[in-house]
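The chains carry the letters A, B, C and D, assigned in the order they are written, with residues numbered from 1 in each.
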Amino acid sequence: MEYILQFIQNNILSIYLVVFAIFLGFELISKVPSVLHTPLMSGANAISGIVLVGSILFLRKANPEDYFSLSLGAIAMIMAMINIVGGFAVTNRMLAMFKKKK
Amino acid sequence: MEYILQFIQNNILSIYLVVFAIFLGFELISKVPSVLHTPLMSGANAISGIVLVGSILFLRKANPEDYFSLSLGAIAMIMAMINIVGGFAVTNRMLAMFKKKK
Amino acid sequence: MTAAVYLMYLIGAIAFILGLRGLSSPQTARKGNLTAAFGMGLAIIASLAFPLEGSFGNFGWIIGSLIIGALIGWFSAARVEMTEMPQLVSVFNGLGGGSAMILALVEYLKITSNGKMDGMEAVIILFTLLVGGISFSGSILAYLKLDGKVKDKHVVLPGHQYINILLFVASIASLWYAWCCPSSTAIIIATLVSLVYGFSFVAPIGGADMPVVISLLNSVTGISAATAGFLYDNQIMILGGILVGASGTILTVLMCNAMNRSILNVIMGGFSATGVAAAAGATGDQDQTVQSVQAVDVAILLNYASKVIMVPGYGMAVAQAQKQAKELDEILSEKDVEVLYGIHPVAGRMPGHMNVLLAEVDISYDKLLDLDDTNGNINDTDIVLVVGANDVVNPSALDDPSSSIYGMPVLEVWKAKQVVVFKRSMKPGYAGIQNPLFFKENTKMLFGDAAKSLKGIITEIKSLS
Amino acid sequence: MTAAVYLMYLIGAIAFILGLRGLSSPQTARKGNLTAAFGMGLAIIASLAFPLEGSFGNFGWIIGSLIIGALIGWFSAARVEMTEMPQLVSVFNGLGGGSAMILALVEYLKITSNGKMDGMEAVIILFTLLVGGISFSGSILAYLKLDGKVKDKHVVLPGHQYINILLFVASIASLWYAWCCPSSTAIIIATLVSLVYGFSFVAPIGGADMPVVISLLNSVTGISAATAGFLYDNQIMILGGILVGASGTILTVLMCNAMNRSILNVIMGGFSATGVAAAAGATGDQDQTVQSVQAVDVAILLNYASKVIMVPGYGMAVAQAQKQAKELDEILSEKDVEVLYGIHPVAGRMPGHMNVLLAEVDISYDKLLDLDDTNGNINDTDIVLVVGANDVVNPSALDDPSSSIYGMPVLEVWKAKQVVVFKRSMKPGYAGIQNPLFFKENTKMLFGDAAKSLKGIITEIKSLS
């Protein structure tokens, strides 16, 4: 309890951020028509690769001698990067088909 | 420039908050159908009375001897409070008419 | 304790969001409004309970002001006539802006008397002062214009646009001076200049455009609340202010679009100027003739109709004729006449104005047609009853490029078999321009107060059957 | 510098929001996706440029990983068949979750080796580890199931729900242990338990429900990214993660609603169990007869039709029959036959699957009817062509309370004058249940691969005229 109250107090701005982002997310997504649900799914999936940012920051701070951390960090980065590039590319491919017709 | 960069750095979270709130506001409001535009206008108007919070905080800190500040603060509070109570009440009155019919 | 207060603010902010979401559907709108009000209540309590360093309390002053404000607000809301709604909203809006302005003023005085202030903080305070001041004096003038207490011509000066530009420069200059060389004189001058600017900003804008202006000023008030939120590092103020800003902005844009005019055009007051000229021409233009009829004639027409569309306008609000409209609707519906309502987006004086009026007397949503639906239904309509509408049924908007409302989409009522226009005189509507509809072959004029005319028709119909 | 990096992150976040907004309309969707990708690019550059205390650089490792990941991602995206889209999304999703899991793992090891950690920070790390791990192993199993590499029965144990509850408790316990008494052993055990739990969580869920599971896991991955954002105090991670979480949650709910099942029912795998039983019954049930026809018969029928609705299903994706469908559409349209498409929300294997297929061959949006419109149009339709759909046209959903899909809204194709079903055998669809539609009087079966059957029909029609 102590922890939690302290956390709320110190991170109130981030909490607002989370709350606003949740509402914003729901407003945005609920507007997407069902035609676009598959692209939405894969596009959103690509965005979840944002965790890459964390692994970059981790790797930059890792000790250059510590090959264990470096390798794991690199694996995390590769995984996230596949998710990002693959996700956006495949979404773009799908949407290209939609566009042709207009 | 110096000021602005410093300000950005120190207030980045608040800036995110503002940006998210702007997007959220636009998403929320653009959903309101034209039937409800008058109530929306007066309801939003009532919310703008939130500046009351500022005047409460100001008054609480004002020197109890300083009648000039106290009076001006009180005037600000009264004005904001009229805006709030009047705004919500009048909106409620309008919407009550909508509801009757269902 | 601090955490609890923070949470209260947070819940208040969430209540604002949910409240606005509720407003997006008639079923949930009332609950939405109450939710937002609840959020405001929480925010007030949290502000009273906030653990504040160096607080002297002053709760007597605070509670007193809260009560006074609440009572005034409550009674003005309870007493106001529905037709005076635009005026009331305008006054409330001005009060919100004024409150932000005073707050900025006292904060400035306090900080300067305590020594030097941080550059960015000063910018925020002065910005709040400026927008709050504009919103205050602008809204008050808008109120006076709407209420007819001030006529456009009383406040418009020749070359007003240049004066406004000058005043704008002057207010920026005075703010800059108050920023670089803080002093009470400087801030008082800055405040006065802001107030004069707000007043002068609204002055040249035509009375017909007041709803747009109010909405714009509403968004300005929101912005002032949001910047004040930065001053107190208070998130609910920032959120609330921004939501209001967004709402005001969107409504302004929607109204301008519905009138097919740019916001700049509205602000420059171009409309009002041409309007005045055209109105002068219009009243002189008496060689065309109109067909004037009596209530009994309309009653007979209605008796043989099978589809009737009523087009309400500002005149219905003035005459409070919605009760009679509903009564006529019921009588006709009993006779299997289909009665619909054609609602133009800018009929009346506020967005959604007609919807509020008709809702007041329980007319079902299904009977209300929007612009496109009305025009789609008009060809097989026997009679259109134009009850106190004028500009929104003006064919010049479609076919006269020289008209000041040219390009605005209108209800094309003249395509119906018969049109009956209810008004008291040949005077133009708010745009101040003549309406060629009145001179069409299939248009009949029923002069007199709309409520009385409708009552007359109802009596006649009853005696017919 | 710091401010510039912050601004880049902020612009990246705005790009995410604008990108998702763009996805709300087919016209702007592509631009929206590219906008989001641009935001991601900015976020990556900002992370490389971020002024970091105690950074050792390691840019060789970083750039190398970026390039490797990008190449793998790019080529898998370019090579994949459109029918394998669900599998690919599932794998990508697992990689995102796995990345979050590994990140949490290494951060934990780093912090514990440097000394004690702050309680809340540990909670965030462990939570990220848990959800990332579940998402990783769950997505991989979902991929294997979708791809047919693993059959439901291979991974379901008796009383699996109880095992899952046990595993859930075990993962919480191991996380708690890693929190209170930090050690590498503890965290490795916790990681393993999370992985096993994710695997076991997906195991009992029927193959037909994999799209729902993927969407659910997608939202879980988003949450893990958002919590990792808290760890690095990085707003774009928080925003991005939450947007994905919201998207996954909404899609999951929509899919469940479209199938008229609760999310709990999906997770418990109740569907799969009854499905297997029913399927067994169905194949034994051979005393009813179906009317099998040839391509030429269908061609003749079509020749005399004036309104045709095509109902695509998963089989169209398998047969890649959309090109032939389009060709038939064109030939019929030339003969003034009205051709429409009835799109069920869960036809295929992903939400919007059929729309993607039909878009691929340029079929106009206006011809696509949703569930309600299709059912509204069905009565005056001469022929419904059911091309590889099965569960979505199953009348049991409406009239057989014992059916596992009872209550799901379906396309009521049997109300049309004639129905032709294209499939290769009498095997059930993904739900594994028999379809009484096939035995109706006005239903004809055209057995064979859908693409080949359609081609046959096209040839016959051409030779008829």
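In this text, contacts are C-beta pairs under 8 Å (C-beta built on N, C-alpha and C of every residue); 3 or more make two chains touch, one makes a residue touch a chain.
Keep in mind that this is a model prediction, so the values were computed, not measured.
When the interfaces B-C and A-C are ranked by C-beta pairs in contact, the top one is B-C.
Annotation: 18 Å between the Cα-based centres of subunit B and subunit C.
Chain centres here are Cα means. That of subunit B falls 43 Å from that of subunit D. Subunit A and subunit B have centres, each the mean of its CA atoms, that are 33 Å apart. Shared contact sites, meaning residues of subunit B that touch two or more other chains, fall at 6, 13-14, 16-17, 20-21, 23-24, 28, 31.
Each of residues 17, 235, 239 in subunit D touches at least two other chains. Interfaces, counted as pairs of touching chains, are A-B, A-C, A-D, B-C, B-D. Residues 3-4, 6-7, 11, 14, 17-18, 21-22, 24-26, 28-64, 69-70, 72-102 of subunit B are the ones that touch subunit C when the two sit in their complex. Those residues of subunit C that touch subunit B in the shared complex are 16-17, 19-21, 23-27, 29-30, 32-34, 36-37, 40, 43-44, 47-48, 50, 52, 54-59, 61-62, 64-66, 68-70, 72-74, 76-78, 80, 82, 85, 88-89, 92-93, 95-100, 102-103, 105-107, 109-110, 119-120, 123, 214-215, 218, 221-222, 224-226, 228-248, 250-251, 254, 345, 350-353, 355-356, 359-360, 362-365, 368, 370.
By the touch criterion stated above, subunit A contacts subunit C in their complex at residues 5-6, 8-9, 12-13, 15-16, 19-20, 23.
Interface residues of subunit C, counted against subunit A in their complex, comprise 2-3, 6-7, 10, 13-14, 17, 235, 239.
Here subunit A touches subunit B in the complex through residues 13-14, 16-17, 20-21, 23-24, 27-28, 31, going by the rule given at the top.
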